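Paired with chain B in one complex and with chain C in the other, chain A is shared by the two complexes that follow.
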Partner chain A sequence: MNSGYPKWAPYVFVTPFVAVFAVFMAYPMLYSVVLSLQQTFGPKRSQFVFLDNFSYLLTDPLFWKAMWNTFVFAAGSVFIQLPLSLGLAMLLNHPKVRGRIFFRLIFFAPALVGTVFIAIMFGLMFSRDGLINFTFHGLFAGFDPEFPWLERFVMGSLILAALWQFVGFNMIYFLAALQNVSKDLTEAAMVDGAGPWPRFLNVTIPAIRPVASFVVLLSLIGSFQLFELAWVLLNNSGGPNDQGLTVVMYLYQSGFINGKLGYASAIGWVLAVLLMCFALIQHRVGRAGEES
Partner chain B sequence: MPRWFRLIFLLVPRESLSVGGWIICGLALTSSIAVLSWPIPQHQGLEFWIFSKGHGDLYETTLTQWNSEKDPKVDMSLLSNEALRQRMLASFLTDTPAADLMEVERNFVPQAFTGPIEDVGFVDLTDRLKQEGIYEQLNEPSFAPWTSRGRIFGLPHDVHPMMLVYRADVFEAAGIDLTQVKTWDEFARVVRPLVKDRNGDGITDYVIGMWATGAFRDHLEALLLQAGGALFDEHDQMQINTEVNAHVLATLVSWMVGPDRIAVDAPEFDAPANKMRLDGRVIAALMPDWLGGVWQMDMPGLSGKVKVMPMPAWEPGGRRTSVWGGTMLGIAKTTEDLESTWAFAKHLYLSEEVAEGLYRSNMIISPVKSFWDRPFYDEPVVYFSGQPYGRLYIELAPDVPIRTSSPFNTYAKDRVANALFRLKEYALETKQYSPDELMDEAHRQLEAAERLVRRQVEQNVFLRSEP
Partner chain C sequence: MTTMKHPGSKKKARTAGLYIVLYAALIFCAMITLVPFAYLLCASLKPSEIFFDNLFLPSGDGLFGVGWDKLNLDHFYRLFAQEGFARPILNSTFFASVSGVLATLFAAMSGYALAKYRFWGRETITKLVLAALVVPGALLFAPVYQQLYWFGMLDSYSGLIIPALAPAFGVYLFRQATINSVPTELLESARIDGCGEIKIFFTFVLPLIRPMMGAFLLLTFLGSWNNFIGAQIVLQTPEKMPLAVAINQLRGVYGTDYGLIMAGTVVSILPVLGLFLLLQKEFLSGLTAGAVKG
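What follows is the complex of A and B.
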């Protein structure tokens, strides 16, 4: 069928996007591959070191420490934050809860606050004479009034701060999914005598599975990109003994503080491959779930 | 309708977009053309980047005077420290435009030294400084952070000797004459009776702000330098696991944990820590000259209550000062008028007027030795209980230790700060708190730090081949 448009019209429409994508995405990505195989000092000095950056990375204790810390943070996000988000969503989806809309807003509100501000706020709360020590010392007389949270509880502090920021944000996804759970199915299960727990396992969970797996993937990617929160909370460092050093923080330190752009590119590519693997696993798991 | 306009409809049929769509396209096209045709402002004269507003205010008069008398004119821009660092590196590493002159902070300059010496983005000033006699006019240790492989790349802005600041009112009330204290061991012993709940809030109060976290890595470096240790020597050769460094680490840990604890976590530029100082919960700290200006601004409540004295030495008769911070004025190689830029740099940094302003506004003493006898340095400072603050620092200036300009220094400082933290944890676990008991573990931790730094140094293919 003749649409009346010249054959090349679609190309004209996509050209601006392709041009912008090529210049600002594709070229930098490809160049970062080249960079990861080099050591450079300015445009005039570069030396191919081939896989040297990658082999250095594999034996770099700091990289593995950063990777471990990031995994711990991601695990905290997935196993603490998401169940809490789901729980909150179920609570605020219940018709008998009064002021649901108000509480939805309250729980979502921290997601509107800037990460740097949150980091500063939690930094003050976790400081030696901060609100947390003040409260605990007031409640429990034996509690050390100067407990060094940001020395002894670095990852816990980060997880807690992220929890406060994102629990409401993820709750919104679950809330939207819960509102789409078929009432017919739930009622049929009730008629069949299913209690709340079997209904949750056999009706609610399968119904929200696509959204849940999307939220898990989003949380994982977000966790692996953790930077500003930790960077500001830990005073522009990885914290005492690098207990809060994350992969992206290490990438930044390597590239922009130590000037090793090639090494930073190598870290970036390892992170990218890792996230691709997560996405692939999530895709497979999601599809297996749908098929079953 | 103009003919060219009709061409658009040849390309995209008129019916393919709604009226709104065509308006949006028109606006997008017009704004794109407007942006592309906007003239890029061409810079006139010399460009000068600074990161400190205090410096900027100070230079204003000199700059106005220069611009009214000389050509080319100088245009000064205030950037944040981080922005200046990024733009400096972007310029050196990717050939993007940079200022002719840049004031750069000490922690950022070594990043320009990670490549071959001929590729450093700053102009090598060594020969000029020596031929024009400027090298002899300035305090020699002040050149060290801007010197790489024997070549000097910046004019020093300061000296930044360090002293010990203490709450004179608290110590006098306790009957302790701190000025008689000559060594750190003596200091720890003398101040220990003050480690108690001094304000009756049920919490033990300690004496000095010093801790095993990243925020104190500059303190740590200063204390290592004072003791005669450091992470790199003046030739940028690594020297991390040494007897001196291990002794400093072990001693610091003995101040942080255990029965002889005197130190507390109270970093500078930190509101809760400032409150601790104002409340008298921290009554001593290490103070480079510039920090005096910061304290006056941030904690006016301490006016007349604090005094400075030379730092206690690590051994009898040892060095009573150290160094923390620093700024240089560098000329970018990309400058098109090197002679004028150099003339302005000298005019600014060797000016007595600027030196006096620098002291009066920021409490920073000049590196120009011939100004050191000026009477303004002898004026009593009310904040420091009427002490001649400038004179006290000048007396220590020649003794400031030499610092490295190694590009790996920041990395090494972080690793050694971590070693200190692990040593503190070890002390808590094993309940061994005395420096002698901690020495072996201090060596082990420093050895681990040294291994990491060595790997980092050896990976750099550009510096590997240089002597």
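What follows is the complex of A and C.
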């Protein structure tokens, strides 16, 4: 059966993307698989070691430290940042709120600032006599006015900076999802006498579930690739005692600074497999929401 | 208006209370969001000698006890006159515009094809696009660097732009947008009227997926405008550096002059803020279209 278009038509449209994808995505991916099975000594010499990189990885304390730090950051994004985004979206979605566009613009604005700039700016604000200590000391008199954030509370500082950067960005998704929640359903629940909390659990959450699971996935993918923010904020290092070392930072250090491209690729693939697992779980969760 | 059915002082008081709580929460959050911006702006206007004397504005005997007369635009002047920041701004503008426009066009074209045509390889491409969403960009640094070396594209903008023209996330978003907002009957009737495939795409499809075009254009422009690590890996010549790298290089040269860096940050935000205000409507509706029907 011919659907009325010439056979070449789809290929004209996909070729530019597919050509670049094949050369600069698919090939490098395959090549990095090969690299991950090699031990490299600088750019020229290498030898096959099969799975040695991966077995070394399992016993490498720095890798596990990086994994743990990244995990903490991702947990901060999912359990602190996203609930705040949802909360802001619910405030803005309240029918009585005026000036929604104005507030939305303000909350979104930090997402326009480049990560490097945010890192430099927060570096200043986290300094001993910086804005953040000033604020916390002003709010809680017992707070150490010279608390060394970037020495004693590294991942927490990164979570705070990322919170400022992305809370409004993720709010946009939740706001759109909330605006699609059927008004009839909410009103029916009100007529049935359901209080705000049961209404939130039984009407709002199921309705925004597909979007929420998508946002959680995007947030996990982004958080597990944390690099620039930490790298610049901690002055091109993992910070004191590698408290701020992240998986991608370790990959970058191994590959580009120490020349161990094979080992770096192995780190990257472990991360890729982890992210794939998250994506598969999200697929399940998102689907489950659609069926019910 | 339904709340007005049973007017009563209790209800009114409760509504007023609700209003106050709602706005108090919103305004509190908005202030927290704006404080770093205020800090940034103040820092960019303070002379270097008194930079650390006050957190925000320098004290003095002007209005509100602020030394308004101490503020000046010296950092901005120095940024352009001494540090030659016109060049990095031009570099970033070129890089972000070209990769933004081309990546959006390529993504829109293949997203549309994957949504509306049946052809050999469609399933494979769709699966690859989904798989590529979770591949960490850092994994590709080393192999792409080597490829750029083979192709002689290191230290050139083609080496930064061309690899960025395969945005898997964009293809996914445009596929969703096309499924959601381009009716197949429209394409069929256009074909019956004798309209060519390419003309159909540009005259019928593009206007319908305009929100996604705006959203993705802004996202990719923003990504390239603020690109840091890619440029640091690919480029070597100082004159070729984009804004983010140039500003980071101001750190620690003669002891860090934070006022200068903050002024550079302000300069970096203004163009994207303008673009955002321009594309705001498309951006917000487009960004969420991919998520709402996942």
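The working rule: the second predicted complex is superposed on the first by the 256 of 292 C-alpha atoms of A that agree within 3 Å, B and C clash if a C-alpha of one lies under 4 Å from a C-alpha of the other, contacts with A are read in each partner's own complex, and residues count from 1 in each chain.
In the analysis below, a contact is a pair of C-beta atoms (placed from the backbone, for glycine too) under 8 Å apart; a residue touches a chain by one contact, two chains touch by 3 or more.
All values derive from a computational prediction rather than experimental measurement.
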Query = So, does A:Leu124 touch the first partner chain B, the second partner chain C, both, or neither?
reply = both
Field: chain B versus chain C as contact partner of A:Gly286, first or second or both or neither
entry: second
Practice task
Kindly classify A:Met276 by the partners it touches after superposition: chain B alone (first), chain C alone (second), both, or neither?
Solution key: second
One more residue to check, A:Ile205. First (chain B), second (chain C), both or neither? neither
Give one of first, second, both or neither to describe whether A:Val78 is in contact with chain B, with chain C, with both, or with none.
neither
Report for A:Ala194: first if it touches chain B alone, second if chain C alone, otherwise both or neither. neither
Comparing chain B and chain C in the superposed model, the one touching more of chain A is C
Report task. Have a look at where A:Tyr56 lands relative to chain B and chain C in the superposition and call it first, second, both or neither. Result -> first
In the superposed arrangement, which partner chain does A:Phe256 touch: chain B (first), chain C (second), both, or neither? both
Per the contact definition in the header, classify A:Arg45: touching chain B only (first), chain C only (second), both, or neither. first
Interface residues of chain A shared by chain B and chain C, listed 4-6, 9, 12, 43, 124, 129-130, 256, 261
Contacts from chain B onto chain A in the complex sit at residues 11-13, 15-16, 86, 89, 92-95, 111, 114-116, 119, 121, 202-203, 212-215, 265, 267, 271-272, 275-276, 407-408, 410-411, 414, 418, 421-422, 425, 452, 455-456, 459-462
The chain A residues in contact with chain C across the complex are 3-7, 9-14, 16-18, 20-21, 23-29, 31-32, 35, 43, 88, 91-92, 94, 96-97, 103-117, 120-122, 124-125, 129-131, 134, 164, 167-168, 172-173, 175-177, 180, 210-211, 213-215, 221, 224-225, 227-228, 231-232, 248, 251-252, 255-256, 261, 264-265, 268-269, 271-272, 275-276, 278-279, 286
So, in the complex, the side of chain A touching chain B is made of residues 4-6, 9, 12, 39-45, 47, 49, 52, 56, 60-62, 124, 127-130, 145-146, 148, 151, 234-242, 256-261, 263
Per the touch rule above, chain C residues touching chain A in the complex are 15, 18-19, 22-23, 25-26, 29-30, 33-37, 39-40, 43, 52, 55, 105-107, 109-110, 112-114, 117-119, 121-122, 125, 128, 130-144, 146-147, 162-163, 165-166, 168, 171, 188, 191-192, 197-198, 201, 222, 225-226, 228-229, 233, 243-244, 247-248, 251, 258, 261-262, 264-265, 268-269, 272-273, 276-277, 280, 284-285, 287-288, 290-294
